[in-house]
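The structure that follows is given in the form of structure tokens.
Going in written order, the chains are labelled A, B, C and D, and every chain counts its residues from 1.
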């Protein structure tokens, strides 16, 4: 440590602006938050300190609007090794192995620069997973864009998909699933939620808590630049004329460095040299150093002169706030420093000892011989503001009007060929989804299935939410999002293990938005409890609105399920000559349905109610039917109801399907109703009575509704050549992109 | 049969290749680091795996082609050793001058990952002996720069000398609109060196060497390439 | 008439390609390379015969499509 | 001293990226673009202070690594 730092005299250079309330506000701090800082320190913070506070206390790091609600989520279970609070959640899968996963948003950066925004989003979430000691084995992404015909949509979609592929493909993780929607509510704010799933030894998970005094704090990875410095917090007058030049630069992803960082970290962890580790995400050095100290009950002293920099004349402020990617902070065992050094050099990675752990509860930052920050470390996160923001339940949606005047088969043809329900192959063909040679079920099914390398086991992965439902009734929508991933896993034959969430909402300072948030969390919590899927990690993204117009509430749920043997997997594609059996109760619920929205842009009526006990019974029955050897294929029902589910099965199998006309419901409600807790099963005709018996015993309504075979798709007496359906489905996104 | 897999810092199919080689030969390959300057003694085959060797910056495979390990790989090939380059591995072998032509950005400009069908064009190689001539196999591609380009003279020569190992085709062996995933000239998916002992191919046989990965039909056509190799080496 | 648009990364923007090139040159034994940055050029064949108008047109194309001005700068030259 | 290596595709080598740019410009309503070719530039920071020697060094780098002379041409310029 330098003399000045030791002497403890804090210095603000002449070039640095004087700190006052206006500057604090320009950093996004509220007057009461600034007062809190003054009270805490008993003095005015230095410029660098103000930057540190703004980073630690912004919504992204402090979760100040969401924290009290997140605490209500169920996070425990016998399978959970580590719940929320670390870089990613950790769940036991037996055989001494654990699955490590999390989802995170990169919404705003992707809207500004779609390729790099999405790429660095993927990089960030992969880092979260390997920081825990896990090798990433799969990635998913949930994307929401504006209306298909909005002028920005095509460019955003093309750039985001290319960026996700560009990063994940080079890194070498298979991107196996996700979701993609278009809705005008996302015209001004797209959503890019990336999920990563990794595999680790259950007894060697790495955490961020530092331990031991006087241990070296090591910086590893890419050099630090001015990337992202300031972001929203730098909009003020301080830069005057040359604002353009000093504008925060967009972060650029470097998957090649990330790949080396992954391999180096895993080698380092295996060598026993790592005591604790934290990746540098948003406000990199600040958040990671504080987190390591805080969790370990230690102080940290940083010497910024040692930080590897990519640009000249970087200030302490800039280094502490830089969001340069592909960087890690670690506390190393001093006895193994040579081992560590050899590994860094093998992978040609920059590394430097940038500080040490100290006994006192202080966060000391020195640079150029001067002390730039001297803060009480624990209080930095411990006294971060927390709000109980007012919240209002949203108004009830408009009542459900008359049914569209359209023949069911024509409605289906339009749905299947729409941007929202057309084939996603245009997306996933740009993602390497077969690298690592463990992808047993590729994208396009209910859940993707990847093998647990070297074992009989496999993991099922899915991500979902239905924002239309969440907007109309947040509690029901929250329940439904969890129920749908539960169904995705169950229809694939997997036992649900746990979920991660990515809660995307508008401005929480508006009570109606906060009401959506509170409602969705309540629904998610109830469903996770009822379905035994604890929330082990997650991310909150607020302020997704432009000029007062917010996105639809979009709490994306990412789920992981386990298959003890890959043979337990249930395919989605039936064979020819199968009987189709519908599980669950059909009332023909068309409120907030895909049918109304896609055909007539009507968001009317309440969303379908979710009966969690019925969900559980139906999901368990599907797995039991598979175990009894009765199932050829299964698919869960969601958007578009029975007709769309059957069409997806027919398209996947390239076989015709005939669904019988309903007996006592209107055909549109029967075929397109979105009642929950339903599955469509394909079985050998000879199994029908056994299947109905098992369903009866399980208390799940079941009935045959059609059969597979031929090359025609029929709804009652109306039908279409399968080739027509398929043509519309396959060209939906290429048509949108103007490629066909 | 003794095999080795070359590992560059951005390789990402090295493990997949090792698994497939071990499955076929019963013996794990030696993993060789790009900074190494010698290959293990007594090797029968060196595999250059897929991935993004050095980020695929500058040109795919260009930086890797200059790494220290490529010197011994080149002399191994010159002595008649077997070398298999898959995807990025083919790009590296081309940049290293061990195979002719160039691999450029896909005609569709996008990364493409999906199953393709390949017609086996020659069985007179150690890599394809277990196939039938004209046999159509299904294995995945996953690349951004797989468009094979050469001048007419070279293309004619490759064809004339039977040095095209695989061509993209349709499931029934006839060309369809989606059969050539990258716009490769004359639909070339894999080509051989003059001595027929170095093969570069864009599709990934190692990703389809296990029926569990072959979807509903449990296809494992990639295995044929590895079985050809073991058979060829047993004979010799 | 031909116009050449040269697109380079803005100063300060990370250039992983350039960094990899510099590292590769060093490992090939080229000494004294302290940095490398990669950019691209787009050569346009234009029907326009007036140099000033060709240059203006190329600049409009760069603004709209050829350069991503969030991270890139460009310059235009008529050949 | 800085050297700029410009790498372009040889005439006759197919350039799908260039073709896509020309097509995109046309669809954006830019008229009179009869063709486009894409190339790259690599700007090198060299310790060398003698222009002739810098140029020769950059040319050697291009020969060895920066250009693939099967399909590409290059030119060197000292700035």
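Things to note:
As a working rule, a residue touches a chain if its C-beta (ideal position, glycine included) is under 8 Å from a C-beta of that chain, and two chains touch if they have at least 3 such contacts.
It should be emphasised that the depicted structure is a prediction, and the values quoted were computed from it without experimental measurement.
Looking at B-C and A-C side by side, the one with more C-beta contacts is A-C. The centroid of the Cα atoms in chain B and the matching centroid in chain C are 34 Å apart.
Chain A and chain D have centres, each the mean of its CA atoms, that are 40 Å apart.
Chain A and chain C have Cα centroids lying 36 Å from one another.
We define each chain's centre as the mean of its Cα atoms; on that basis chain B and chain D are separated by 29 Å.
Under the contact definition stated at the top, the residues of chain B that touch 2 or more other chains are 54-55, 57-58, 63, 66.
Taken residue by residue, chain D touches two or more other chains at 64-66, whereas all remaining positions touch fewer.
The set of chain A residues that touch two or more partner chains comprises 254, 256-257, 348. Touching chain pairs in this entry, ordered by label, are A-B, A-C, B-C, B-D, C-D. Across the complex, chain D meets chain C through its residues 6, 8, 18, 21, 24-25, 28, 30-48, 57, 60-61, 64-66. Contact residues of chain D toward chain B in the complex are 12-14, 16-17, 20, 64-66, 68, 70-71.
Those residues of chain A lying in contact with chain B across their complex are 162, 165-166, 169-172, 254-257, 259-260, 263, 347-348, 425, 428-440, 442, 451, 566, 571, 573. The part of chain A that touches chain C in the complex is made up of residues 112-113, 116, 222, 225-227, 249-254, 256-257, 310-311, 324-325, 348. For chain B in complex with chain C, the residues that touch the partner chain are 54-55, 57-58, 63, 66-67.
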